[in-house]
Amino acid sequence: MSWLQDPATIQCLYIVAFALFIYGLMGLTGPRTAVRGNLIAAVGMAIAVLATALTPGMGNWWLILLGIALGTAVGVPAARKVKMTAMPQMVALFNGVGGGAVALVAWVEFRQSNGFTGEPLYVSIATLFAAVVGSVSFWGSNVAFGKLQEILPGRPITVGRMQQPLNLLLVLITLFCGVAVVAGGTSELLMIGLLVASALLGVAVVLPIGGADMPVVISLLNAFTGLSAAATGIALNNTALIVAGMIVGASGSILTNLMAKAMNRSIPAIVAGGFGGDGTTASASGGPTDKTVRRTSASDAAIQMSYARQVVVVPGYGMAVAQAQHAVREMAKELEAKGVNVYYAIHPVAGRMPGHMNVLLAEADVPYEQLKEMDEINGEFARTDVALVIGANDVTNPAAHTDPGSPIYGMPILNVNESRSVIVLKRGMSHGFAGVDNELYYDPRTSMLFGDAKKSVSQVVEELRAL
Amino acid sequence: MSWLQDPATIQCLYIVAFALFIYGLMGLTGPRTAVRGNLIAAVGMAIAVLATALTPGMGNWWLILLGIALGTAVGVPAARKVKMTAMPQMVALFNGVGGGAVALVAWVEFRQSNGFTGEPLYVSIATLFAAVVGSVSFWGSNVAFGKLQEILPGRPITVGRMQQPLNLLLVLITLFCGVAVVAGGTSELLMIGLLVASALLGVAVVLPIGGADMPVVISLLNAFTGLSAAATGIALNNTALIVAGMIVGASGSILTNLMAKAMNRSIPAIVAGGFGGDGTTASASGGPTDKTVRRTSASDAAIQMSYARQVVVVPGYGMAVAQAQHAVREMAKELEAKGVNVYYAIHPVAGRMPGHMNVLLAEADVPYEQLKEMDEINGEFARTDVALVIGANDVTNPAAHTDPGSPIYGMPILNVNESRSVIVLKRGMSHGFAGVDNELYYDPRTSMLFGDAKKSVSQVVEELRAL
Amino acid sequence: MAETQNIAVGVPRESAPGERRVALVPKVVGRLRAAGLDVVVEPGAGGGALMSDWLYEEAGATLGDPWACEIVVKVAAPTPDEIHRLKPGTVLIGFLGTDVEALSTADVHGFAMEAIPRISRAQSMDALSSQSSVAGYLAALLGAQHLTRFYPMLTTAAGTVPPAKVLVLGAGVAGLQALATARRLGAQTTGYDVRPEVAEQVRSVGAKWLDLGIEAIGEGGYARALTDEERAEQVRRLNEAVIGYDVVITTAQVPGRKAPVLVTGDSVTAMRAGSVVVDLAGESGGNCELSVPGEAVVRHDVTIVAPLNLPAGMPEHASELYARNVQALLELLVDQGKLRLDFSDEIVAAACVTRKES
Amino acid sequence: MAETQNIAVGVPRESAPGERRVALVPKVVGRLRAAGLDVVVEPGAGGGALMSDWLYEEAGATLGDPWACEIVVKVAAPTPDEIHRLKPGTVLIGFLGTDVEALSTADVHGFAMEAIPRISRAQSMDALSSQSSVAGYLAALLGAQHLTRFYPMLTTAAGTVPPAKVLVLGAGVAGLQALATARRLGAQTTGYDVRPEVAEQVRSVGAKWLDLGIEAIGEGGYARALTDEERAEQVRRLNEAVIGYDVVITTAQVPGRKAPVLVTGDSVTAMRAGSVVVDLAGESGGNCELSVPGEAVVRHDVTIVAPLNLPAGMPEHASELYARNVQALLELLVDQGKLRLDFSDEIVAAACVTRKES
Amino acid sequence: MLVQNLAILVLAGFVGFAVISKVPNTLHTPLMSGTNAIHGIVLLGALIVLGLGATGALDQILLVIAIAFGTINVVGGFLVTDRMLGMFKAKKEPEE
Amino acid sequence: MLVQNLAILVLAGFVGFAVISKVPNTLHTPLMSGTNAIHGIVLLGALIVLGLGATGALDQILLVIAIAFGTINVVGGFLVTDRMLGMFKAKKEPEE
């Protein structure tokens, strides 16, 4: 057992652990390797925990086991039972408790070292940093959880014009307490003041942010927690903590950025919102109704389709206007190469002249066998994973069945809304030939990919190739 | 000055230095950022050298300056004057001297520490590792240089069936000397034996490898030198050396792999060749002649074209057979988006029926204005950067002008060989309709992209998108 | 004998000269039978479309006198003779034309296919569209056939021929189809219409848009007639534009009026020798001044073709599409094998041009 | 008067009925003039192709008697009358046909365009290819025009029409062009030939290959005649295959022989009513048993078109391509404005079918 | 010691940066969840401080909570990520 | 110390690996040349050993050679790389 407890062995185990984290993380970036990547990272974590348990002089085993048992008892069922739709708030919660742990450890360290007496400067700074960030992360994440879980209202909550001064005040209090401790203050009140002020800060900053921006905020807080873990690592001189924390900090920042971009939001705007600035909240563009549409991105559309068994392309006048037929054909080929069945549903009056879609698709060399007439394909939609509507509007409008007042009432339509999900490619929310609104776009199973059809489809092709 | 010489400051400068290396290296992976990346890495190097100079207790300044002056006097003119075509051997040489430096330092360390007496085990192991790898790298690189510079014959040089036993012997001697030193031997003969044996090993392994595989070998030796630098860093406890060396070691390995793949070779096969195994040497496939053709890859074709001002596509029967017209059109669009002028040169008898190319290109929606008749385009080739010949053969065959005995003598052809470079897409070296060999393929300005035209063009499109 | 209670649909043989279409095809007969209708076909009715009587019989029709049926479906308007053969109260369906006097005196319910409103729900009955598609397609082919040159560009050992330039004036259903077909064959296509919103549609079939700066948006998606000044200006600008084209296909119509003259004699003189004008408005007087409806003439070395009843040139599919239109209308008029005319229905009301006094 | 020393090329007006082509077009006249040749054009020579005399004059030709020139260029073989008008020693160029007795007695140098060898260097003179291109293109259009159905698939409010299936028998120059053209129009195309190496070429124009398992590779890239058993077997298998097609275009020729019968009367009976057979081998007897050369007949509800001289249907471009072929040959025969017949040249030797006794 | 740790910190930053360069949107959430699980490594901090002898009752309570928190973060994080990624495994099983 | 260095080594390896994932072929040679220049860092080793007091004549000669070698590697490497990359700068100047 002795060599096992050699610090060098433990350090080596730490190196193995973080190497597994990194390797696992690399796996997580690709859909095919993601599951395995997550497992590998988990193994790395197990090794890190074991290595720590080996540390010479470890004691308090009962308490440790108690803590672990408690955590497991709470964490496992929560993770198992949460509904798929509630995942984001669950992640927020898990992230929050991580931050909470960091803050608690920092507090205890303060107490144990009697206010960092005799510790090098960097230890106190790192620990205080960890305390602040951990506390912000804990409380911020909890607010985010509350909003997503609809315990708190999802809309921005502010104290109006007082928001900015309030935030500033909290920042100043935190800073003051921190500086006082670093300068040698040993009163625990300072530490508690710091924790409370940063907790309030976390709440005050996240409350004014709208529900739509929450995923970005959670990702940001996630990166913060990572940084606080790294700081703890510095203070405790623990490589595993430093590496793992920093990796999360860095990758989390990039990820936050990517997520914000994908949602067409900028991080400064979101955070400014939290600080009472004028960051406008994300909302569906156009449409005078208060119904909301779900946007999607080319890469999501690509992934969704590449994991489908059957995709039905529904071309319409917009495909003709965009002259997207060649790009569409290319997309279909990429999908077929991935083993997806692709059909084209040709509505009798899609486009602006009889046979409009035929002419275009033939030009793009789409095999005749893949073109399906309306009657033939309508039964297929229920077995279709993704219906990709490219610049078609009226011919997919359920109002033709349901709304006797509609000018298209009585026209047969393609029942795309029977398929498992619908992706609609068009430039905005404007109407088709018949000039009527399309309920399909507000269906929870529908997501919109806005933009010129040719450009959108080309992007999807690129994403498919990158998979 | 005192804080400047603080070890912490120096360490921090090292961190800055290697951060710049990494940042620079990231830049080097993209054509747009490469130049800047190289500069950034160079700045990092300057900082590392400066930091080292600050180390407390540095002396021997005159000798140091002498060495640097010598190195500069040799290195700068060599780098400045070398012809573009001689670049690979120059890189080999630079790599070699790097390895040489490592070996020399290791030797001196051995001498200074009196055979590593009193040093921890890891120091001796790391130093000996550095010595062996550095020495192999130095001599191997020099042989590679000699081969490419044609000082040594380019073809494989072996001692026949004795190659393997010889190599084995050298490995054993090296191992023996190394183990002896680690075990406590202090005789300098052991060290010299180790250096000499590994030097011979370097020579013996590289000599049997053919000239075509040299770039891969150089890259491999480059990675080795990086590893030896990292080992030196471990021995000297120098972070900058460790990080920089290891990065080069890792990235060099990947790079070697990529290069080998791009040349359709496997590293084991190449090295096996060096060890007297049956790694067949790369040669042009097909063709009974001893003339060689130059292969290229889709990504190279993509880069070459994207940096061209004018590209002329020369379609032929092969494009029709492959039904590559849609892919070609797509490629042209990508190029146009990058500001390249694209024309199509239509030979009167390209294909197998009058107007064959017209029908296909019209199907792919190529604008009529871009189609150029032979007479119109023949004057343009001299002003063309890349002529991309897609499945055309006879219609580009210079024998029509030069060889009165050829069945195609007297037929007007497209003068693609007047353009700055020619890329030919076909499946192999087989003949066209007229059944005659095409000199164009052996022209030094021509490179061949083998494979089905549709597949090749699609790959080029992908690469263009990735740029 | 439940079957005898079904009402019967009669399909006469078309009598108009050159009319090769027929109002119902065997495929549709089968569907009507399935829907509980009897079908009586005049022997030889499908002859012009090369569909023999036994194909009809196989589909479930009986051969006999169609004029005795409760419903008579035709393509062209009935001749006075034919009107006499109609029983009072018969439902007559077809392109009944503007002259419905005779019909109303015959006391029949006349449903004119061309009067069906162009609303979304009625698209499956829209015979104007279906026949215009055929006409547009054939017009493009007619141009290719009469042109002394190739449509597509062709680079050959004997030199390169440039692609033909095709201009379509009037980008309605027929015009768009003509544009699409000509482009498929390799011609460079351009479209023009007075309705500016059509520009996007013209481009959506890969053609260029000729912008002359004259707009005339009428009601119901149709064009209105132009004022005199507008017309003069339009003709002047078209005169200039037309010259550069190898084939000019004209489809400009304004409902219920003589077709506007778009290509003057002067334009024709200025066109390149060997060029072609295909005038689809022949029936309503022609869009080209020099057109001789129903003939192909050469004037100033330019061939001017003004076919009458172009859809009859592709009788099987033209009939099939028409029959499907008729079937859709019948489904509206007949309920469970019984006639049930619901004049509160927008389509029924609009399509009915004469009504039996009841 | 240096100009009078130039030798002159005469362009007669074609006399064969239905021949609308002309041996030289104004564009090529200009080039010949630039090369130092005089051109004499018979008034009205370009009339059939809608090219007026003044276009020739503008290009530098003089109007006059072409038969007096040193070189006379024609499209069709000369009539006995025309042969009488030739001066001895004249160089006559054209499709001279197999009957060259009369020519040789007239003591002229006869160069037959169809005898030009099909080697790479002679491709620019290959009038068989250039005229076959025209024929193939027109054959596909002819099929579309006579078919009672659409070529392309069309999904409309009145139902979907499926794409026409077009089968081309004999995938030489004309056959490939027909395949490509039909496919452009949206038809589903299939090609068949006895030469198996053509399969790849058929696919290269987007068509399917019909494999019947009979091969007959002859010399010089042409097919050889089949043995009797082979022919019987081929016809049997074709009989089966042909049935599923809407349009069958036949181009099968074996040089110097009667065209093989590929489509029997039985096949035609079995084809769907309204289908079309376009027989390009009409001139050499036809590939279809029921063909009436030069006419379009309906047999068993199938239209059988066997046009004679199809290229004359697109006279301007057919003439232009032919004229370029002639020009390329002239460049070989004339050196700096002087006739210089080099019979050691492979092409000159092969093309010369009669030679003046010297 | 500190500077070495700094070097490690910087390198780890680069690793995180280089690994997450271009990730499809659909993987954003699982990736966030996965990295979230990884920073559950803070559990180690709590373990060390408690294991190496924190004594006061309050301290012990605080640390037990910290350990529980850390455990939730780790265990829940990996499990949730795995479940999210389940959809990528589901593909096309019925076919093969 | 050693283990910390090992940690650094491993991390640096990952960085090298992650950065060079997919590089166009045309950049292979410049990239090889660039990394080649970077391992010229061995110059530092020679500097330290000589600077911190190598004394014997042979040792000093060897180290001067080592420094010269290292300098060649560094200076030549970066210069050659820059020249190679020149072709990427050349693009389309005549047009713009």
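Per-chain residue numbering starts at 1, and chain names A, B, C, D, E and F are given in the order in which the chains are listed.
Just so it is clear, contacts are C-beta pairs under 8 Å (C-beta built on N, C-alpha and C of every residue); 3 or more make two chains touch, one makes a residue touch a chain.
Bear in mind that the values here come from a model prediction, so they are computed numbers and not experimental data.
With A-C and A-F as the two chain pairs, more C-beta contacts join A-C.
At the interface between chain E and chain F, two copies of one sequence, more than half of the residue numbers in use are shared by both copies.
Using CA-based centroids throughout, the chain positioned farthest away from chain A is D. The distance from the centre of chain A to the centre of chain E, with each centre set as the mean of the Cα atoms, comes to 16 Å.
Chain centres here are Cα averages; for chain B and chain E they lie 40 Å apart. Rounded to whole angstrom units, the spacing between the C-alpha centres of chain C and chain E is 71.
Distance from the chain D centre to the chain E centre is 78 Å, each centre being the mean of its Cα atoms.
The multi-chain contact residues of chain D, meaning those touching 2 or more other chains, are 123-124, 129-130, 133, 152, 154, 156-159, 184, 186, 206. Shared interface positions of chain A, i.e. residues touching 2 or more other chains, are given as 18, 22, 26, 239, 243, 348-349, 354-355, 359, 362-363, 365.
Shared interface positions of chain E, defined as residues touching 2 or more other chains, are 1-2, 4-5, 7-8, 11-12, 14-15, 18-19. Chains that are in contact with each other form these pairs: A-B, A-C, A-D, A-E, A-F, B-C, B-D, B-E, B-F, C-D, E-F. Listing the residues of chain A that touch chain B in their complex gives 326, 329-330, 363-365, 462, 465.
Chain A makes touch with chain D in their complex at residues 346-350, 354-355, 357-359, 362, 365, 368, 371, 373. Those residues of chain E whose C-beta lies close enough to touch chain F in the complex are 1, 4-5, 7-8, 11-12, 14-15, 18-19.
Across the complex, chain B is touched by residues 152-160, 162-163, 186, 188, 206 of chain C. The touching residues of chain B, counted against chain D in their complex, run 317, 320-321, 323, 348-349, 351-356, 359-360, 362-363, 394, 400, 407-412, 434.
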